[in-house]
Every structure is written in structure tokens, then in C-alpha cells.
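Below is one structure, written out as C-alpha cells; the observations come after it.
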Amino acid sequence: MIHILIILLLPLLVPGLISRVKAIMVGRIGQSVFQPYFHFAKLLRKEEVISSSASLITAVAPALALAATFCAALFVPMGNSASLFSFKGDFILMLYLLALAKAFMVFAALDSGSSFEGMGASREISFTAFLEPAFLLIMAALVFSTGFTSLSTLLSSYSISGLEVWSLVLGTITVFALYLMLLVESARVPFDDPNTHLELTMIHEVMVLDLSGFSLALIHYTAALKMLIYASLITQVLIPANASLHLLWYLIGILGIAILTGLVESLMARFRMNRNLELVLVPVTLSVLALAALIARSMGAW
Amino acid sequence: MTRNPFSVQNPDQLEFLEFSERLSRLIAAGYSPLHYFGTPQGLLYSIMGKSGSLELLCSVFPTGGSYPAFSQKILAFTMFERLLYEEYGIKPEGHPWLKAVRKHLPGQDQHSDYEFLASESPALHEVGVGPVHAGVIEPGHFRFICKGEIVEHLEIQLGYQHRGVEELMLKGDITRKCSLAESIAGDTAIGHNLAYCLLIEELCGIKASATGTRNIALEMERVAMHLADLSALAADVAYIMGQNLFAALRTTVINSSLAICGSRFGKRWLCPGGVNYSISTAQAEVLRKTLQGVETQIIDCAEAMFANSSVLSRFDDTGKLKFEDAVSLGLTGITAKASGVMADARMDYPLDDESIFIPFTENAGDVYARAHLRYKEALQSLKLVLSELDKRDLDDPLPQELGKPRPDTIACSIVEGWRGCIVHMAKTDAIGKVEWYKIVDPSLMNWQALALVMRGTGISDFPICNKSFDLSYCGSDL
Amino acid sequence: MSIGFLILFLALIPALWKRSGLFAILWLLGSGIIAFEYLEVLYSYSVQDFLISFPLPLGIANIGLNKLSAFFGTIFSIGLPLGFLYGHFYLKQHQAPGLRSHLFWLGILGLSMHGILWMRHILLFLMVWEVMSVSSFFLVMHDRSVSLKAALNYIITMQIGAGFLMAGFGILYLQTGSFDFSILSAMHSLPLYLLLIGFGFKAGFVPLASWLPQAHPVAPAHVSGIMSALMVKCGLYGILTLLAMNSLNLREIAVFSLISIVTAFWGVIHAMISTNLKKALAYSTIENMGIIGIGLSVGLLGLDSGNPVMATLCFAGALLHSFFHSLFKALLFYLSGNILCATHSLKADDLGGLAKKMPRTAIYFLIGVIGISALPLGNGFISELAIYFGLFNAISANDLPALVMGIVLLGMMAFVGALALIAFAKLFGIIFLGEARSPKADNACEIHRGMRIPQFALSIGILAGGVFGGLGLRFVKPVLRWMGLYMLPVLDLQGIYQRLSVIILLMLLIFLLLYLIRRITVKTVKSATWGCGYQKPAARMQYSSLAFVHPLSYFLKPFILLKKSGTSAKSMHPKEISYHEEALDPFFRYIVEPISKALAWFYSLFSHIHNGRTNAYIAWCLVFLILLLIWVLL
Amino acid sequence: MFDLIKARARHGYQAIPDPLTVSIHEKFPGRPDLSDKADLSELNNLCPNSAFTDRGLDLGKCLFCGLCERKHPDWIQFNPDFKLAVDSREKLIIAPGQTRMPEIAAIGNGVFKRSFAMRNVSAGGCNACELELGASTNVNFDILRYGVEIVASPRHADALILTGPISKHMAEALCDTWQAIPKPKFLILCGACAISGGIFAVSSELDRGFLKHWQACLYIPGCPAHPLSIVHGIHQLMGAK
């Protein structure tokens, strides 16, 4: 039950926390932490203006994207160590559900027929082309060390235990790779600036330039939920399996990730657009590195 | 004549052939045009300047309404000849880019008939960033021809801010047009107002008082706007630390100008003959303390920003403007000085003779050079203001009495605004009423630099290049 | 069995009288009956084949079915009638001369494809193989103005492939002395390689597939649909029969997986780059063959290294993928036929905004895209899931070769899957969404209802296969049992597919809920797309297909051979800017063309003999006779 | 990294704690006090924009240039009160002896209490109001603290904030932007140019037809309007706490 509650209520808090941290770092009074919720509530009560060049896809895409992301979130362990649904190899379905959501977001962007949305769609889909192999290779590393089972059992049996140096090394590599994927998927600073006002530089924001009202609310919620999915994966790896009051540790983990993202955003500038593609390769190389280390160890190298 | 501002009683009107022949001799001698325009009375005027010396030429309209374009010899004439064709229908034959500037060409009937250079190959697509931009800036249409993310060609259509300032100047009493002069370009309110006041004082033949306070006002506006640009540049690369620190510093500087004249943009500070609000000794003391505090903080923030590797990776090597292009296009201000062109109205046409001024320049010509030059110029202007404050001993006198403008005189004033060299010109008719009033904002020429610089860069770097120039739409559209 | 084939033979008669409607109906009827019989053979518990043997001058010729050929037979009997039905409507729109011969060769092609599955005798097999190649050559030649060069290249490549087959079978005959297919088991390596290369030509593995992206785009839509979806499976059938009866050692498996990776990667990059819809679909056929190759190679590895679970899963994935590929590839090619009929252009940069003008075609294309880019609603996901399960089993089993190959293949498959998603998102986005880019696309209108019947059937097949994964698995189980694979993981996979269907149905439920809430509560207003308030937006201000993939194609430049031309802005005020880019096929350009040029040069040496004067010819005969005489005397 | 921390530390805390109750520098020309014995026609032909009507000083036309205050300090006195925004055009006219600006009626009965999105259209003008609107989101004035944001696309916006006198070439672009905003939508006029055409009112290059069809719900006078006036006006309009 906690799982459903977290999926419904927690996601919009994460962007609120990040903007709060950025405001404090810079000395602003800044928005309240619950500002995304207020935006969501206001957008629900507004009408929608639809572009005349939009076809059925614009009406379908936001709803299907949220449905797909919601179902993907069911497999991710949030709150307690086991997720709602889990079967052997469910992480492949989760990954491809997120890909389905992204595909329909790209179709909705291209549907409006303006060059900005086309640009955002092209960037979004090419930057995340490298994330699918990266995620599966990370999962391969987990599968190699603990056998082929479902996502929640993989994550819980893999968590970092301080004493054993091996799990520390592999844990940090996996967490860093997952964190980079979080930054790319939720379009945070080194890749894309969420509250920039320049349509030529946006990636995620420009894809929804033509959506308004209820559809826009769904899109904001979907983006926040996707960020929560990646944050929960990282937290799950960090929390030791047998930790008591797992929910408290989980919330602290999410808070920590939000603060870390806020710090990264206020101390770094954005990368040039073609440099982004090179940086997206880093999670892939990291996961291969983790795998190579695992194989070497199992071969008795040390 | 090398005095600035200067005035001429009814100059000799040459035949057009002799006019163009002397003009090409001046071009060969290295002169570049400050202004070249036609007047409703059927006369052509041109002011040619070269590091300190100014030449005014006047001629009748060419017979047959067309002539071989001067912009084939030197590209600096392109914008002026387009304006001439647009306003008076005199066609410069062989002009490389004869398109509308503010309204529409004689053949077309409305502003949106402007045709852009288009490419037929389907692989190239066009991106149109329209008059209403995503941020809070002025309207203008940018048409990119792109190969994927790389820009092949940028074409800029302005004219959306055109509200006929030059016609408004002719309505009513010319000596009470301070508010209009300040509204030519709000961010250069003091620059344009100072040029207007100097022009009126030259027409009425008087010498203004409180020149020290005027210099302080001009330099404080320069510091404020350079800080605003550094903040906007940091915002465009999502470096929010720099954005907020520089924005707060700018607020400190313009609040101190509010403390003196009541307007953050210095909008009611100057008037023909002197200044409306003088700086008392107490205010001078407060001003010196705040500016010294601002100076140390500017140094800290700028050093931190220019040392940040992710910021440098965006600024370095983006949007390079070559020295030859800057000279041939006749660019002024930060745009030119960042490419190594040593041209500054405070050095070439000084208002008072004893101050020797050497401008800073960079020679890389990329976004980093323009940002770093803004930082250095802001510090230089702060030093000028502080030295001006030390020199003054007593409060400023009341503004001088103006009297009536002299008849049949052409006057011209040149001021170095924070964007570049501002030129105001006017002519009074036989009874002392103004016949025509001509204004040049440095953005009129500098917009061509942005179009040139964008070729080959990624389209996502356009906002930084645009903000590194930070040109005025209303100054160019008038 | 015979009644079905009798009807198919009878179908040739209306073909000769240009009655394509009757031809299609007869084929529907005949295929229905044959499909029923194929399934009966498939599910019969007797391991023994269905055999008829009758004497031939060159020894006993057996004709019969085994489980594998029954499996492919069912695929053909689903695909072929739908293709001919679509062809009937398509040819009505496209009046081209030679309808009688076209229909006749269509019938012959269908029959020969079925025939290949029956032949158990090498010579008969080769003859039917030749008939198939020749008939498809005539079908590709339907619209001669466009397709002459590509068709000639196609038939020559097919003959080279047949040459390899003949060499392989010849050596086999010399070694064993009999023509029966039983000799295929436990072959020596040389004939096995020759046969694999021969079948590889038809199946479209990379070094041998340069004919595919040239032949399919020029063929009429229903022919390229049948060729891409079904004929390519004949090559696969050949490879599978060989692999089922022989075991490869580790090095051979590594080479085979390397070829399939290169095939998949090369196919998907060119599918992403090309702007012509049919060329992109042809390249994606090569990519899907690569994915099936990956599945097979991992399956073989499982057999070789004694990991039966991995072998079963991967073979199941490969067979499922070959079945599902025939569905969505045929659907997408028939839809390209729709677009060609409506707009007379297949260049993505000319089209745009077709979703509003051709809504049903757009929905079918979307279902096809979901299927081919392996997204959960489509059936592509089910087959790739099985292959992923096999790969993850390979990784969790701790033996080094399986581990290394598993990791490399996993990375490549995920990357190729992502690129496939980009390629088809580009095609769907640029062609169907946004505004029309040219008058051609502007006055397009939905095409004849009849053409949409086969597409409707195929879309239902894709969605059913995607949502209820178990159906496909039940269809593949007997073939796995015939190949002697360990059957327990199949039950485990069955359970996972059931849970998968529950999740997908849950997702559809949530989607419907949200969609209805929006439809009921929210008032919507129509207004122009937000174009920054510019008064004269041009259709060219939309994203082009090159621009959509520019970030990645810029990144993958070393893998693509590009021919670029165009003038960029040099002076301050440029007069004209243009850019043209074309992706070339390196194998064709650096292997086939030099050889053909050399041959052409060599033949040109003798061209002056051919001078048209009869007395010159007689002189040449005389010289030849004299030489012969001298040679005899010596 | 460390020089950044040092710069940030020395920079100190710049944000204005509460922009609604902060006191502005006394030189700032805010709400004018018009004494009863002032001769309005004399003041009117003195004023460069003839902002004085028979009922008093029309703040929509006033450029706050201070000419009248300097000439007749006893007739008119501008005191440093930045709360000038009103919700109707007539309320902008300051009658002699008036000491307070009328209250602003909140909109959308609570829908926009905590979240309000504005889309800026700059139509002519001198770019000073745009800079001040931009400055209202910087670290000092920080209108974001009330949940207000200036958005990129009119589709996401609730209000159109107009700056500039609507030049002829921007008229259609303004209409397109207004059509693109989903209902319930509001119009805000910021600065003298937007309210009355300001110094450019007499120019022939303007086309203010848009304002005849649509009624604005907030008028923020000033040339340019001070960020604190903008923050105060919008805060009252939203009905934020």
C-alpha cells in the first residue's frame, strides 16, 4: 500500500526539493518546496488549447506516457525492499515501458509541426539511445553477481555492505552510473536546464511547448515519476538489505539525491549540446567496467 | 573638424558625381562612415570618421534615382544604403543584400512581405525564432537554415520595435524632448540623452555645466549594463551562481543612481544645459563607498566565473568574429573591440580635451573575449567614476539657460554608449525650427556581426552569442 | 494436403485471364486448407515426418514435411494470401502493363515457396529454389522504368548464392552418394560453410545483402512485402535445417555471432539514415535478420557449452522473432504502398501531416512501429524478451565464453533496439505528424477500403501477439521439441508472459481511464501551433529527417560511407545555400562495382568482334576450325 | 570551486525579506500628492506628455519625469510609495488631495492563489520595462517566491503581461499570443507605454486596436514600472497570502 502512496504523492516533491536547494545556494527566497503541487493543481483547472496541426496522437500521448511510466514504477522497490509486482527479468519490461513512454512523448512533440519540438524530440531520443544498453549492462552486472531473478531481489541482495571492499567498489560504480542516467532522463543541468527560457537550448521543456492544461499536468507528473524511479533504484542499492525501518532510510535517500542534484545544478554550467552525447556514454563504460571487474574477480584474479 | 559636438553653417552642396568621387577618396584613405542618409529636402549627407578626424559631405540626390552602390567598395555602407532605398527609393545598384530594415521596400506593401534566403535542398530545414521570444526580451525574427544542429546561415528581420522616433522629434519644441531621447533605447537612456543634450547645446551655441556629473552618469550606466550582460550570459549557460551574483551587483549600482536622480535607468538625470539632479557631497561619499564595495565583489565573482571549467568550455571558441570582418562592416563598441579593433568614441572624439582615454581590447573575438572585455571595461569605468568623484569639490550649478536654436545650422554629437558609438544629427531651417533629426544606435551595424558569427556553430549556442553581443532592437528600429 | 495445392495450382488459371480478384480468393481458400494441414503436422506427436516418396530417374525422391518446415509453412500460408489480396487492390490503383505475367509469376512464387519446404531431395530443392529466384526477379521487374538495374543486380546475386548451394550440395553428393536430405546431418565443415553462405545470400546477412536495399524499394509494395517478410525466411529455413542437424564448435559460433552483430548494427544505422521509406524498411529487414542471428548464435552456444535453458530460450526467441517479423514487416511495406498510392512519393522530406489525411493508415503504421521497435504493446517485444532472457541466463551461468559473448551481444542488442526505435520514430514522426511539407502530401486522401483489410488483419496479429505472449509460444513449442531442446524453461517463459499480459492490460486500463477523464472534464479550443507569433510560417520550418537523426549520425560518422555535396555560405551575403547527402553501401561500392567494372572492361576487349557483318563471323568460324585441326594433329 | 564559495560568502544575503513592506529610497518618484490649489491647465502644458486632465494627474500617461515637481514643488509632490498598481484605467487618475491608491480585486477566486504563470509580450517601447520585468525575478525582488513564473510558451501561461505601446508590426503577433493562452486568461499592462502609449502615443506607427477588444485586469504605471510595483501589483492580483 505504501508503494502506491509513494508513487502517487512523492514524485512532485523531488523537483520542489531541487529548486529549494538551488534557491538557498544562491541566496534567493525562492519557491516553496510544494510549488510543483500548486502548479499541478492549477493546471488541472485550466482549459486546453490544441494546435490545429495536431492529430489524435497529441490527445493520446500524455495519458499513455503516464500509464507506461506508472506501470514501470510498479516494479521498482520504493519504501520497502520488495516492489508491488516482481517476476524474473521484470527490469527488461520496466526499461521498455519507459522507452514506450518516451516514444509517445516524441510523437506528441513532432505532432505540433514546429521546429522547436522537432529539435527537442531529436535531442531527447538520441541522448537516451545510450541509456538502454547502459541500464541493461548494469543489470547484467547485478545478475552476474547474484543470479537471474527479479529487480527487487537483485537490488536488495546487491546492496553495499561497508565491510566487504568489493561491494563498496561495485556499489559506487553502479550508483554513479545510475545517477548520471537520472541526470539525463530527468533533464537536469549538465544536460539540460529545466527552467531556462531559451527554446533553442531546451531538450525536455521544449517538447511540451504546445501542450497546456490537463495534458501538461500529466507530463510534469510523468517526468517527476521517472526521476523518482531512478532515485529509488539508487537508494535501494545504497540501503543495506537487512536495515530496519526501511521506509525512513528510503526517504532520507531520496532527500539526499535531491540535495545532491541541487548542488550539482548550482555549481556547474551546462555542457555544449554535442558534448552531451559523449557524456551519455559514461554510464555505458562504467557498467562495462563493473562487469569486467566482476568477471576478473570470479576468475580468481584477486 | 575634430571637435565633438560640432556644427556647420550651410555646407556646400556638391554634384552627386563629385560627392561619390570624394567619398571613394576618403574610403581609400581609411575613413569609415558614421552616418550616410537622405533628407526630405532632397539632400544626401555623409559623416566620415577616422580616429579623430571627421568629414561632412553634402550632395543632391543622384539623377535617375539610382547609383553604383558604395557598399561594393566597403561593406560599412550596406545598412545605410538599405535605409536610403527604403525611405527615399534611391536604388544602390549592385548592393549585395538589398532588403528592408525597418518597414518594407518600395515594391512591397507590408512589413511581413520580407522574403528570407531559402534553400531548396530538402536536407536543410529552417528554424524560425519569431518576434515573441521565450524569454523577456524585445521582438525580432531570426531565420536559421540548419543542417541538423549546425547553423548554415542566419538571417535577422527587425523592425518590430519601429515607432517613428525621428518623426516624433520634429513635432513640438525640440528643446523639451528629453523624455523622448531617453526612450530611444531604455538601457542606453543616459547615452542617448547625453548625445541629445550635446546636440541641443551645440544648436543653441552654449557650453553645458556639470560635465563631471554627466561623465559619472554615463560610466555608471556602462557598469550597470555590463553587469546585466555578464548575469544574462551566466544564465544562458545555466551557471545560476554567476547569474544571481551579477544581478544583485547590478541592482546595487542602479539603486545608487536611483538615490541621486530617482530613476534606476538614470532617466531624469540630464537635461540640455546641465543636470537636473546634482550630486551633493554626502551623496558622493555614499556613492564612493558603495562603488568600492561593488568593485571588490565584481573582481571576486568574475574571477570565479572565468575560472569555472564548465563555463569556459561553453564560452571559449564560440561565435568567433574576425578582425577583418569587424573593420569592413564598420562595427563599433564591445563587438569590435573584442576582435581587436581599437575604436572608441571616448578616445577618437573626446568631449573635453584634457582626458586621455585608452580602451581595452581583446583579439580572440569569441564569446569569452566579449565577456572578459565587459568585465575589464566595467572595472575601468568604475575607476573613472571614482576618479571623477575625487576631482569634484563643490555641488553642480543649475543648468545653463538655453535660448533659441541658431537657424540654418547642422549639428552633430557623438557619444560612446555602452554598446558603441551613438551619433545624433539635426538641421535647423531658416526660422530655427528643426528640419530633420537623425539618430544612429551602434546596434544598427552590429546586428550583422551576429548573423556572420552564427555560421557553423551549433544552434544551441545561439543564445550565448546573441547575449554576448546584447544588441538593441529598439535602438536599431527607432 | 493435395486439395489445398490443387486449388493453388487452379489459381494460376484466373491469373492468366487477369482476374486478380478470383486469384486472390482462390489463394485465400487454398492457403486456409494448407494452413490447417500444416498445423495438424506441427502438433502431431509423431516425431516422424510426413513422407511421400516416388521414383525419379536420379534415385528415390522423397517429398515430406518436418516440424520446422510445417512451422514456416504456416507462416507462409498466413503471409502469402494477405500479400496477394493486397496486391489485387494495389494493382488496381497502379495500372502497369504485363498484369497477366505479373499475376502468373506471383502464383509461381507462392507455389515455389511452399515447394521449398516440401523438398527432401537436393536436386528438386535446387530446382524449386531457382524457380523461386526467377519468379521473384520477374516480379521485381514489374515497373521496368525504375527497377531494371536493381532487378539485374538481384538476379545475379541470387545466381551466385545458388552457385554456392550447388557447390555445397555437389560436394555432399560426392561424399555420400545420395540426394536425400538425411545426408545433411553431421556434414563436414566445407559443405556446411558453402551451404550456410548460399542460404545467407537469401537471408540477408551483411556481406551478402547488398541486393536487398536495392531490390525491395523498387518492387511494387505487395511484392517487396512478400519478399521482405516471407522470402527472406526461406534462407532462414535453410540455415535452421542445417543448424538443427549439425553442431558448430565454439569458433564457428563466434564467427556467426560476429556476422549477425555486424548485420544488425549496419542495418539499423542505414535504416536510421535513409530518407526513403521503403529503403529504410529494407535495411530494417537486414537488422531483424541480424537480431534473429544473435538469438541463434546464443542458442548454439547454449547447446555447445551445455546450458540447455539458455539454448531453449534463445531458439524460442529467434523463431518467435522470425514469425512476428513476417507480420509487422509485411504490414509496414503494405502501408508504404498506401502512401505511394495516396501521395506518389516515398521521400520522407516530401511528406508530413498524413495522420490527419489518412487516419487509419497512420494508426496501422503506429502499430507497426510499436511492433518493430520492440515496445511493450507490440509483438516484437515478446520475441526480444525471450532472447534477453537467454542472454541473461548466459551471463548468470559462470562459464567464460558464454559470459563474454552474452555481455557483448546484450550491449549490442540493446543499442540496436534503441537505434531501431529512433529510426522508426523518425519515419512515423516525419511522415505522419506535423504539417504537409509538399503539395503531394497536402492533397493526400485515405485510400480504397479494400486495401486496408489485410493491414487490419496484420495489426490485430501484432497486437494480439504483443499483449498475449503465450499464443506465439504455443505455436513455437513443437518446433523446439522437434529440435530436441530442454522444454522446462518454455513453461517458465509461459508463466512470465501471462504476468506480462496482466501488466499490459493494467497499463491500457490506466490509459483509458486518464483519456476518458480528459475527454469528459477538459474543454479544448483549437488554435494555430505556437510559432512565436510569426505571421508567415513556412512548411519548411519543420524538422527534416536528416536533422532528426543528426546528433547520432554525427556521432556514428565513422561507420557510415556518405557522399556529400553542396555550397555553404562563404561571403558575408551568400547567394545560394544547398546540401545533399547520400549513404552508399560500402560492400556494393568497394566489392561488387569494381568487379563488374573489371569484367565490363575485359569483355570490351572483344567487343570489336561483334561488328554485325556476317562474312566476319564466317571468317572467325574458319579460323576456329583451323586451330581445332592443328590441335587435333598435335 | 573555493573562489566561488569565497565570492558567495563575501556577497552576503541580498534578497529583500518582504517586498511588500520594504521602504524604498526617498528620491523614488512614487504616488504623487496633488494639492487642491494646483493649476492643472498650467501643469498640463508644462508636462511633456500632457498627463494632467481636469480631474487630476493621469498616472497612465505620467512619465514620472519630475519636471512639474521641480517647477512647482508646492503644487505637486512625488513621495516614495511604489504601490501604484490598480485594476481599472479610471482609478489611475489621482484627484487633488487623494492620499491612497485604490485596492486591487483578486482574480480567479483562489485558483491562482499559489501558482500564476505569465507570458511577456514586448510590443515596441524602449526595453526598460522588459529589463524591469526581468529584474523582478532576480535575487533581490524574487517574484518567484509567491509561485509566479514567467513562462516560455503562451500555452503554459495564465496571463499576458504587455510592455510597450503595440507597434504596428507587433499587432498581429500580440493577437496570436493572446489566442494561444488557454482560458481563464488575464491581461496585465506594465508601464506607461502599454497603458496609454506613453511618450509614443502621438506616433503614427502604433496600432492599439487590441486594447479596444480586451479589458486588462491590472495596470502598473511607471516609465519604467519599478520591480517592486510589479511584485506588489501581481501579488495583490493573485490574492496570494
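Should a chain be cited, it is by its letter among A, B, C and D, assigned in written order, with residues numbered from 1 in that chain.
Assume a contact is a pair of C-beta atoms (placed from the backbone, for glycine too) under 8 Å apart; a residue touches a chain by one contact, two chains touch by 3 or more.
Bear in mind the structure is a predicted one, so any value in this text is a computation, not a measurement.
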Looking at B-C and B-D, which pair shares more C-beta contacts? B-D
Could you grab the centroid distance between chain B and chain C? Build each centroid from C-alpha atoms only and quote it in angstrom. 64
So, what's the distance in Å between the C-alpha centres of chain D and chain B? 27
When the C-alpha atoms of chain A and chain D are each averaged to a single point, how far apart are the two points in Å? 41
Centre to centre, by mean C-alpha position, how many angstrom separate chain A and chain C? 36
Listing for chain A: what residues touch at least two other chains? 25-28, 47-49, 115, 119, 197, 199, 209-210, 213, 267, 273-274
I need the residues of chain D touching at least two other chains; which ones are they? 4, 8, 11, 14, 121, 139, 150, 152-155, 172-173, 176-177, 179-180, 182-183
Shared-interface residues of chain C (touching two or more other chains) are 525, 527-528, 530-535, 541-543, 547, 549-551, 554
Based on which chains touch which, is the overall arrangement a line, ring, star, complete graph, or other? complete
Help me check something: in the complex, which residues belonging to chain A touch chain C? 47-57, 59-60, 62-64, 66-68, 70-71, 74, 85, 87-89, 92-93, 96-97, 99-100, 103, 106-107, 110-115, 118-119, 121-123, 125-133, 135-137, 139-140, 143-144, 147-148, 209-210, 213-215, 218, 273-274, 277, 284, 288, 291, 295, 298-299
Hey, which residues of chain A end up touching chain B in the complex? 22, 25-28, 115-116, 119, 189-190, 193, 196-201, 265-275
Show me the residue ranges of chain C that touch chain A in the complex, using the header's touch definition. 352-353, 355-356, 359, 362-363, 366, 369-370, 373-377, 381, 385, 388-389, 392-393, 395-396, 398, 400, 403-404, 406-407, 410-412, 414-415, 417-419, 421-422, 425, 428-430, 432-435, 492, 495-496, 499-500, 503-504, 506-508, 510-511, 514-515, 517-519, 521-531, 541-543, 547-552, 554-555
Chain B contact footprint on chain C (complex, rising order): 275, 347, 349-350, 437, 531-538, 540-544, 546-547, 549-551, 553-554, 566, 568-569, 571-574, 576-581
Going by the contact rule at the top, pick out the chain D residues touching chain B in the complex. 3-4, 6-8, 10-11, 14, 25, 27-29, 48-49, 63-66, 70, 78, 120-135, 138-140, 150, 152-154, 164-165, 167-170, 172-173, 176-177, 198-200, 202-206, 223-224, 226
